[in-house]
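Please find the structures below.
In what follows, chain A forms one complex with chain B and a second complex with chain C.
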Partner chain A sequence: MKFNKKTVVQSFKYGLLFILFVLFMFPVYWIINVSLQNNAALFQFPPHWAPQNLFIESYRMVLASEEFLMFYKNTFIVAAGSTLLSVLVSILAGYGFSKFRFPSMGILLVLFLSTQMFPAVTLLIGLYTLYGSLGLLNTYAALILASTTTALPFCIMLMKTFFDHISKELGEAAEMDGATQLGTLIRVILPLSKPGIMAVSIYTFLVAWDDFLFGLTLVSDLDMRTLSPGLSLKFLGEFSYNWSAAAAAAVIATVPLLVVFLFLQRFMVAGLSAGSVKE
Partner chain B sequence: MRKRWTRRRKQQLFGMTMIVPAALLLCITIVTPLFRSIYASFLDDSLLSEDHAWNGFQNYITLLSSSEFYHSLRVTLLYVICVVGIELILGTILALLLHSQIRFRSFFRSIMLIPWAIPTIVSAVIFLVIYNGDYGVLNQILMTTGISDHKLNALNDLTLALPAVMGVAIWRQTPLMAIMILAGLQNIPASLYEAATIDGAGARSSFFHITLPSLKPVLANVALLMTVNNFQMFTLFYTLTNGGPVGATKSLAILTYETAFEQYDLGLGAAIGVIWMILLLLFSIPLYRMAHASREG
Partner chain C sequence: MNTKPWAIGLITVMLGASLTACTTKKDTPSAQEVSSTPKDAKIELNFANWISTEDATKPAYEKLIAEFEKTHPKIKIKSVGIPFAQYKDQVLVSSKGGNAPDVLMSNQGFTPAFVGANVVSPLEKLISADILRDIVPASKNGVTFNGAVYALPWTPHPNALFWNKTLFQKAGLDPNTPPKTWQELLLDAQKITALKSNASGSPVYGLGEATKTGSYTGQMLYRLVLSNGGKLVDDQGTLVLGEGTALTDSLNYLRQLSVQKITPVGAEIKDLRGMFANGSLGFLIDGDFGRNNFRTMSGKGEAFDKEWGVTVVPVNKTGRSETVFTEHQLLIAKDSKHADAAAEFVSYLVSKDALTIYHQFNGVLSSLTSVSALPELNEDDYAKVFNEQMKTASAFPTANPKFDNAMKEASNLSVLATTTNEDIPSIIAKVLPKIQALYQK
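Up next is the complex of A and B:
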C-alpha cells in the first residue's frame, strides 16, 4: 500500500516536471527551429516541427551585416561599462553600509533601495531634458549611467548582505596589524567576496543587455544603437516578414548571455541566496 | 578615551565617504530627473504651448476626468496581479520540484532557468512568431488538440491580447522567481523537518507548517520584485502589441510614453507618471512590510 502511494507521488512529480520542461523549453527550441529554415518554408501552415533542409544563410547574413555588428558592439560596451561601474560603486557602498554605523544610516539605505520603485518611463521625461542640457544624449555614458542605476539598488543590498556575513573580527585583526581601512577592504575582505561580486556582475550585465527603453529614447544616432531597439526597429517594423533573419539575429543576440549564465549560474544562486533570503 | 572616540569618528567618516559615489550616481539619474518630472507635471508643457507656463493641477484634472487613464490603470493592475499571482504559484511548484530528489537534478536546474537569461526583446520576437495568426505554431497546437477549431490571431484579438502578453512575461520571469524561491528552500534548516517527522507530521503538514511559513519572507520579496518590474513593463507591451488592438493592452507605461514622446505633451505625460508612481509605492508598501516584518520575527 505504502509502495503504491510512493509510485503515484513519484510519477505525478515527474509528470509535472515534464509538462513544465516542455512549456519552458519549447519556445527556445522553436526560435532555433525557425532560424534554420528559409522564409518560403516558414510561411506555410501547418509549420514544420523541424527544418526540412538546414538553412544557415540567415546566420551568415546577420553576421555579415555591419549594422548588426555595430548594435552588438554598442550593447557590449554599454553592458561591460555598466558592470564595471556597478561592481565598483556597489562594493564601496555595500561595505560602507555594512561595516560602519553612522547617523541616519537606516533611512539612507531605505532611500537608496526605494529608488528602484520609480517607473523608468516617468524618470525618462526628466532624464531626457536633463541629459539634453548636459550634452549626454547619443553617448555611451548616458546608457551606462542609466543601466547602472537601474541595477544599483539591488546590487548594493546584495553586497551589503555579503559583507555582513564576512566575519568582522577578520577586518579588525587586519587593522590591528596596521592595515589601512581601504587596504583591509582590498586585501582581506574582497578576496572572500567573490561570489557576491560575481552575482552583482551577472545581474548588472543581464540588466544592461536587456535595456530597451533607454536605448530607444536616449540614443537616436544609428551608429550608437544597441541591440534591443536595433532588433525592434529592424525586424519588428518594416522587415517584419523576414522571420528567418529575425530569428537568427535573436539567437545570436542571446548567445553571450547564455554563456555567461550557464557558466556562472551557481554564483548567481549563491549570491541571490545570501542577498535575498538571509537577514 | 579621546583617542578611541576620534577613531570611531574617523571610521564613520570613512563609511560615509564610501557611500558618496553611489549617492551621486542615484542623484544624477534618478533623483534629479524625478524632481524634473514632478515639476513638469504642473506645467502646460505640450507642443502647442508657447511659454510652458505653470498651470497648477490642470494636467491632473484633465487626467482624472479622462476614461483613457482609468482604462490603462485597469489594464496595468489586471496585468500585474495575474502575472505575479501565476508566477508565484508556478515558481513555487518549479522550485519545489527542483529542490526535491529527482534524477538529473543539476541538469534540470540549469536548463529550466534559461528563459530568464533570454533578453526581453528576444522573447518578444519568439512569441510574435509563435502567436502569428497565419503561420504561427500556436494555432497548429490548438487545432490539433481540438482546443480551437479555427485560427486565432491572439495579439490582434480584443480579449486574447492581454493574456497573450501575460503569457510571455510569465514564461520569461518565472525561472528567476523559481531560482530565488529555491535559494529560500535551501536555507530552511533540515532539523526543522526532522523534528516534524519525529512528531509524526506527514508531508502535507510539513509543507503547510514548515515550508510555507519559512518561505514567507522570500515569497514576499520576490512578489515585491516582480510587482515593481511588471508595473513598469514597457518592452513587451511596446513590441508585441504597442497598446493595441483598440487600446486593449494600453498599459500605463504605454500611455505615458505615447503622451510624452509621441504626442509631445510632456506635462500630461509627467502627470500620468507621477500618479502611476504613487500607486506603485502604495502597492509595494504592504509587500515590503511583509518581507521585512517576518525577517525580524
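Up next is the complex of A and C:
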C-alpha cells in the first residue's frame, strides 16, 4: 500500500489535531463524569471512566439550592455590567489612540498594558483599602470595576487595532459632511466595528464570569457572592469536599458561557484576528 | 445570522444589569455607623467564619446564633462566610485593609499568623478569668503567645484511630479488638493490605497516612514524631525536630508503609477520608468530625456506623497514646469597635448551653474542662473515646507565626520519604535547614 507525501502530512496534521482535541476536551469530559457519580464512587480506585450508576442527585441539589441561584444571578449582573462598561470605555479609548496623535501616546499605551503585568494578588490589600474608603465593599459596583479594570488594557488594544484598519477617509468624509467627532464614531465607525465590539464583549464577559479573587475579597456578604467563591464556600469544606456537587455546579455554571461562545464565536475570531493581515 | 436582534437583546440585558449594579447593597450599617448610633440601638458584630456556609455545620451555626440573639437582643450577629482554603489570607487582607471582623473563627494553623500580624487582641481584659482558667491546659498552651492568651479554644478535634470492621473480619482479625500498640497496628495493617481488593474491586490499603505536600501532612508527621518520642520545639521555642532519632524513625515508618503499599502514596487527608468511607482503607487516624463525614461520604448515612469502630491511638515509644488535636478557636479583632459585645458573644459560644447545641448537631467536644466533662457531651462511646483521647493529645506548638509554613515545608520530608529511594538522613539534611530558617530568632 502506497502513501503519498500529502496523505502522510495530512494524517500527521489530523493526528496532532486529535491529540490536541483530547487534551482540551478531557477536563470537560472528566468534570461531567464526576458530576454524574456519587462521592463514594468517586473515591474508588482505579477511577470509573464513565458512571457505573447514573447519579443526578448532585444536579438536583445544586438547582434546588437558592444560594446557588443567587450566586448565578450575582455573577450575571457583574459579568454583564463589566461587559457594558468595558465596551464603552474601550471604544472611546481605542478610538482616541487610533485617530489622534498626541505627545507621550506610546508611553500612555505602555502604561495601560503594564497594569496587566502586576499579579492581582500583589495589589489586593491596596485595592481592598481603596474600595473600602470609597464605600464600595460588598457592592456590585466593586466587582464590576475590578473585572473591568482587569479586562480593559487588552480591550483597548484590541479596539485600537480594529479602528486602525478602518479607512480614515470614511471618517474624514463624514466630518466634511458636518458630523462631529462623536457622531462620526457612532454613525460611521462603530457599525463597521461590530466584530471588534463583540470580541471585547465576549472577552470581558469571560473574565468577569471566571473571576475568583475579586469576588472572594471585595464582597463578604453571602448574598453578594459570585459563582466561583460561592462554589468554594458551599462545596469545598474544611473536612471534606463534595466533588460531585462541585462538578455539577461547575457544569451548570459553564453552560451560559458555552451558549454565548457558540453563538458569537465568529465575532470573537474575527475581532481577535483583526489587524493580523497587513493591508 | 441576523445579529441585530442579538445585539439589541444583549445591550438591553447589560443595561438592565448595570442599572441593578448601581444599586449598591448596603442594607446594613458599617461599624463606624453603628458606633455612632444611640446607646440602646442594636450592635452588629461581624463574625468571620467558615462554618456558617458549609452544609455540615450550617444548621448548628444558625441555631447557635438564634439562641444568642434571643438572649442578647441588643446584639446582632452578621456572618462573614469565607471559604476555608482562603480563610487566613482573606481575614488578613480585610484586617489590614481597615475592615476587620469583630470576631474571628480560627484554628491552630491560622491563629499564629493573626497574632503575628497584630490584628487580634489579648483576651485577659475581655474574657472572664473563670473561663480562661477553665481552658484545658494543652489547649491553653496552643493559644498563649508571649504569656498572653490570644484565642479562646472552642472545639478541639483530637485525632483517634478509626478502623474498618468489615475489612478486619475479611482479614481474619477480631472486628471488636483494635490494636493497642504500634506493632499491632502495623501487623493488622499488613494483614488488611494483603486482602488486595474490597467487595467493589477497589484496592485495599491497611492504613492511611497523608503524604501529599501541604500543611496537614506536616502536622501528621509531627504526630508520628511525638509517638516516636520526639518534639518540634523545646520549651524555649528552639527547633529540635532533627534531634534524636524520632524524625528518622517516623520517616522510616512512612517509607515502610509506602514500600509495602500499606498506605496510598500521594494522598491527602480528604482523599483518605473518602477511601475510608468507601471501604478501601483499614485504619485512619482522624478527628471527631469523622463520623459525620463518613456518613455523608459513604452515602449510607447512620447505617455506616456499624461498619467501623474508633479507639485511642495505639502507644508507641513513649508508652502513652500520642496524638495531636486540631482546634477551632475564637479571637477578637484588635480594631473591633465593640470589643465588649464581641467578648459576650465569644463567651456564649464556649458556654455549656452553646456547646450542648453544637454537640447535638455535630458531635463536637469542648476545650473547657468543666464543659467537656458534662454528661451531655459524653452521651455515647464515640464521644467518650474522643474525650479520653483529648487527655493525651498534644496541641501543636504554634507560638512561631511561621508554624504553618514550617509544617508545609515538613510535609516535603514525608513526600520524599514515600516517593523516592533517597536515604532518610539525606532527605532530612535537604529539608531540615529550610525549616530551621523559619525558626531562626
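Everything that follows uses one rule, which is that the second predicted complex is superposed on the first by the 256 of 279 C-alpha atoms of A that agree within 3 Å, B and C clash if a C-alpha of one lies under 4 Å from a C-alpha of the other, contacts with A are read in each partner's own complex, and residues count from 1 in each chain.
To be clear about the criterion, a residue touches a chain if its C-beta (ideal position, glycine included) is under 8 Å from a C-beta of that chain, and two chains touch if they have at least 3 such contacts.
Small disclaimer: the values here were computed from a predicted structure and weren't measured.
In this superposed model built on chain A, chain B and chain C take up the same space, so to speak, and clash. When the two structures are aligned on the shared chain, A:Asn39 is found in touch with chain C, with no touch to chain B. In the superposition on chain A, A:Tyr241 makes contact with chain C only, while chain B stays out of contact range.
By the touch criterion defined above, A:Leu137 lies against chain C but remains apart from chain B after alignment on the C-alpha atoms of chain A. Touch criterion met: A:Phe21 reaches chain B, while chain C stays clear of it. Using the contact criterion defined above for the overlaid structures, shared-chain residue A:Leu192 touches neither chain B nor chain C, since it reaches no partner. Using the contact criterion defined above for the overlaid structures, shared-chain residue A:Gly81 touches chain C, although it does not reach chain B.
Contacts of A:Phe261 after superposition on the shared chain: chain B is touched, whereas chain C is not.
Touched residues of chain A, counted separately for chain B and chain C, are more numerous for B.
By the touch criterion defined above, A:Ser90 reaches chain B but does not reach chain C.
In the superposition on chain A, A:Thr129 makes contact with both chain B and chain C.
When the two complexes are laid over each other on chain A, chain A has residues 42-45, 85, 124-125, 129, 217, 232, 236, 240 in contact with both chain B and chain C. Partner chain B is touched in their complex by these residues of chain A: 13-14, 16-17, 20-21, 23-25, 27-28, 30-31, 34, 42-47, 85, 88-90, 92-93, 95-97, 99-102, 108, 112, 114-127, 129-130, 145-146, 148-149, 152-153, 156, 181, 206, 209-210, 212-213, 217, 227-228, 231-232, 235-236, 240, 243, 246-247, 250, 253-254, 257-258, 260-262, 265, 268-269, 272-273, 276-279. Residues 1, 3, 6-7, 10-11, 13-18, 20-26, 48, 50, 52-56, 79-86, 90, 93-94, 96-99, 200, 202-203, 264, 270-271, 273-275, 277-278, 280, 287, 289, 293, 296-299 of chain C touch chain A in their complex. Looking at the complex, you find that chain A touches chain C at residues 38-45, 76-78, 80-81, 83-85, 124-125, 128-129, 132-133, 135-141, 144, 194, 201, 216-217, 220-224, 229, 232-234, 236-242, 263-264, 267.
Considering their complex, residues 11-12, 14-19, 21-23, 25-26, 28-37, 40, 90, 93-94, 97, 100, 102, 108, 110-130, 134-137, 139-140, 151, 171, 174-175, 179-180, 182-184, 186-187, 217-218, 221-222, 228, 231-232, 234-235, 238-239, 252-253, 256-257, 260-261, 266, 269-270, 273-274, 276-277, 280-281, 284, 295 of chain B touch chain A.
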